[in-house]
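Everything on this sheet refers to the single structure shown next.
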Amino acid sequence: MSDEDTVEVAAGTPDRPQPFAELGLTKQEYEKIRHLLGRRPTAAELALYSVMWSEHCSYKSSKVHLRQLAPGEQQSEALLAGIGANAGVVDIGQGYAVTFKIESHNHPSFVEPHQGAATGVGGIVRDILAMGARPVAVMDALRFGPADAHDTARVLPGVVSGISFYGNCLGLPNIGGELAFDPCYAGNPLVNALCVGVMRHHDLKAAVATGPGNKVVLFGSRTGPDGVGGASVLASATFEGAGGEGKAAKRPSVQVGDPFMEKLLVECCLELYASGLIEGIQDLGAAGVACATTELSAGGSGGMRVTLDDVPLRDPTLSPAEILMSESQERMMAVVTPANVRAFLEVCARWDVEATVIGEVTGDGMLTMTWRGGTVVSIPPETAADGPVYQRPMARPADLDALQAGTPDGLDRPKDGQGLRAALLALLGSPDLADKSWVTAQYDRYVRGDTVLAMPEDGGLLRVDERTNLGIALATDGNGRYCRLDPYLGTRLALSEAYRNVAMTGARPVAVTNCMNFGSPEDPAVMWQLAEAVRGLADGCRELGIPVTGGNVSLYNQTGSNAIHPTPVIGVLGVHEDVRRRLGAGFTTDGARLVLLGTTGEEFGGSAWAHVLHAHLGGRPPAPDLPSERRLATLIAQAAAAGLLSAAHDLSDGGLAIALAESCLSGGRGCRVSLNGDPFAGLFSESPARAVVCVSPGREPEFAALCEANEVPATVLGTTGGEALAVEGAFDIPVAELRKVWEGTLPALFG
Amino acid sequence: MRIGVVTFPGSLDDTDAARAVRYAGAEPVRLWHADRDLRRVDAVILPGGFSYGDYLRCGAIARFSPVMAELIPAARAGLPVLGICNGFQILCEAHLLPGALTRNAGLRFITRDVRLTVGNATTPWTGGYHAGQQLLVPLKSGEGAYAADQATLDELEAAGRVVVRYAGEAPNGAARGIAGICSDDGNVVGLMPHPEHAIDPLTGPSADGLGFFTSVVRAFAGAAAATEAEAGALR
Amino acid sequence: MATVIVDVMLKPEIHDPQGEAVLGASHRLGFGNVTAVRQGKRFELEIDGPADGAALAAVEELARELLANPVIEEFSLHPAD
Amino acid sequence: MATVIVDVMLKPEIHDPQGEAVLGASHRLGFGNVTAVRQGKRFELEIDGPADGAALAAVEELARELLANPVIEEFSLHPAD
């Protein structure tokens, strides 16, 4: 006789104590489960609800706010699938659709940086694959504690090697990302990975189990004890020591990635799609089999019956609860008609991918699972899929008024050319602004042969069609300092910066994804920050006329009562009509006219200058100006298409000074500019909606007219050429000196 | 001309190699690792990637695939074969080329556009270049440091079998700056940098790498013309 | 002068894709009676002086600090024979 | 069922950047009396049946064919104790 906790046993032992708290469920949530089922849950059911109702899977704290992101009508024209799908899907024309999403793997990357980051890439790639698309590129947005902190020397190299290992081995070019440091991320690094995929319109797949009688197939890696640490409490509680204890001892919380298996899985899935062998598909991410079976059946027409004994195991001692909770990587679940099963298994065999029928779709509306003859799960799947929704208390952070009152106005400013020169070099060599090659040189940017722009350009740009030269551009941005000062404005700034970075390539921004990285939702101040950030994103996207297609929320990024800065990371996707007309940031020709686009104010709150030179954070962030961003983007796209420009680079952290330095470094030549007004504000202010461009010789009048037509203020700054970055009346810095400062920082820190 | 491009489990730059073949005016023919069949191609490319995850050692497992059982004797009999990156590693593991590729000196994966100097412009894959010519081509590998014993290195140099060398210091610690070598009779060439990613300045740092692919097409056309002439003489 | 060997292996409960790949290759090569493979690292350390208790304790500390990642690996050490 | 260990090390004349990196790190961590480090691989193979002469011969062949690259590596093997 099995000593398993079956539905029958549960019905007969209503009072058996269950370790719901250890599994992260509250007393109320546990009671709710009992109420939904009309009995106590079995151990397996408890495991299933606990993972499905976790913050990570259920979005129970953020859901009420995320509703604001539902796109309005004029934003959603190009949307083929939106929030709620594994990833949103956007029509980019010529019959192509693009799906992209950014996701966090913050906590695992702190515990085991290499594997944590690697499996973060693997997870987001499967999300994209599950939509029916071929994954074509990845990006990574990274934030760490202070660059010179001891633990950063452990976490950063591990994270970068993990992303490099997984992404490179999978054959996906890395086309951009972010790297930033701040004490608030010590102990809570942020590792956000983005993946983008391309498909034809009709390839779009749904995560639903329809058609009673259809088979449920689990394929990819075997299921092992990865990440089931939590489930071990079930084993010990259920068996009360009856062999449960020794077994519970060895359950790793670390998942190990196998990018080779993922590559096989990608190619295998694409062949299955192309052969029309799939009715529905879901990737296995956090919550593994529990999540895939629940979501497939909840999204489908009826129920599902699963024989857990048929799940191929790497470790035969796993209990049903552990099988359900296992986070083993590189697995997918598909719904297949009985007639196609054989062909399905043949394709899998060709790719050396193990595939097993573990159940079938039913019409009874129940998710039922058996184990050794007994029924261990019998639930209405939607009760697990639709978790609780909380309206958590919110309160403006108590210190925010003081923080905003402490403006940077009183900080010592450079008084002369020498001072300005020193400030520029200090910023350029600071870890946030220094050359990121130490990181990005570990990533393959060339594989697949369609990368047109990658780091250090403003946006990554990929060719989608070799015949028509249609392409897509992507950028991610976030600024924790701005958001700490004002999460509403800060989020709009992150959005506008990513939007602007995409626009700089000559692409037209069309859609948005986001990863909301915050502290504990149980802290009302954090909830307020989250609510403000989401409101900022929703308003910003409405003003820009582009939809949010998906995203991810990562909470509990805090140590004790110290939360990270609120850090929404925003990804923007653009469409490039002709990638041959792309613009890079580098000054690649001599004697070209340099023009500054946009309006410069005195905006130093949260600026790189205040941070690097004064370790100061206070005041208000710059004022976002989304209508101006829109006009700037339109102008650049038109000018690029008409061939009026040879370079474009947006102004962001460190203002004009850093933008000019970066363009000089990237193009390998200097420039000479003169500034009207206060050179300090001119060089270091961080007013948004600005860019520098190089106008192609002879096209100056045309470009000036285009600026006027688009109502974008344009100021001639000077010309490109020479060996130095020269600002009239202030300083000359040889490009070689810029390079030494810029390139030296990260190697000095990380070897 | 038909040029085979082998796909092993974990091959990544196979599509790119096929594209380079197309750009050079030849027909790419996809070859599958599990088939003991070269499909009557006139040359073969082993592309870059992480065959079998590069677990164990790069190229160590791929070497035993069924397609290699066909390729090894064909290469020994003179079939032009180009191994790029992982393909180079496989050729070394299969002992079609001497030496081995070892962990980069800095222990990190490196993606970098490197300058190469052509050392041997007489192989079927480099005939379109001239000796001493400089090429700008991406390198992207974690185990790219060429290693062999001194005698082998001396022999390679003496016989002019160093096909390409890193100009300046080798970024990965390769012995004597060696980026690529060829077999005794020159038909088998292996190199770590990726010429197939330098066929168009739009998507690479230059178009300098295209010469590897146009060279073999020309060599083939030359050989075909010679055979034709021979046949004509016989007639 | 003595040599100390430190063997570092993934903990048994940690997934080892490399070992699995080697196992698969072994089977394809006809070595069917190999039933499992785990792949780890082996370090040979030369130390000044004899491999006495103090030296081994120092190497053990080094292994714990540097050679093995305690989150996923375990190690053992012994003087070379 | 028996376990056989295969140790694979780079030949002494082949440059070992991993070992050197470990040596450098050891010194930075204050383990000054470590004078040289070589890093290699260790395989634990489980085999059906006992680790008798025939089994060890088979593993030796596997090591020579697959586990080690004779151009740069050497190996040794022994039954686990």
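The chains carry the letters A, B, C and D, assigned in the order they are written, with residues numbered from 1 in each.
Everything that follows uses one rule, which is that a contact is a pair of C-beta atoms (placed from the backbone, for glycine too) under 8 Å apart; a residue touches a chain by one contact, two chains touch by 3 or more.
Keep in mind the model is a prediction, meaning the values are calculated, not measured.
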Pair joined by more contacting C-beta pairs (B-C or A-C): A-C
Whole-Å separation of chain centres (CA-atom averages), chain A against chain B: 37
Euclidean distance of C-alpha centroids - chain B vs chain D, Å: 30
Where chain A touches two or more other chains at once, by residue number: 258, 260-261, 352
Touching two or more other chains - residues of chain C: 17, 21-22, 25, 29, 39
Of all residues in chain B, the ones touching two or more other chains: 52-53, 55-56, 60-61, 64
Interchain contacts, given as pairs of chains that touch: A-B, A-C, B-C, B-D, C-D
Residues of chain C defined as touching chain B within the complex: 17-18, 21-22, 25, 28-29, 39
Interfacial residue positions of chain A with respect to chain B in the complex: 161, 164-165, 168-171, 258-261, 263-264, 350-352, 440-452, 463, 466, 579-580
Parts of chain B lying in touch with chain D, wherever the complex brings them together: 56-57, 60-61, 64, 92-93, 98-100, 102-107, 145, 147-149, 173
Chain C contact footprint on chain D (complex, rising order): 1, 7-9, 19, 22, 25-26, 29, 31, 33-49, 55, 58-59, 61-62, 65-67
Parts of chain B lying in touch with chain C, wherever the complex brings them together: 52-53, 55-56, 60-61, 64
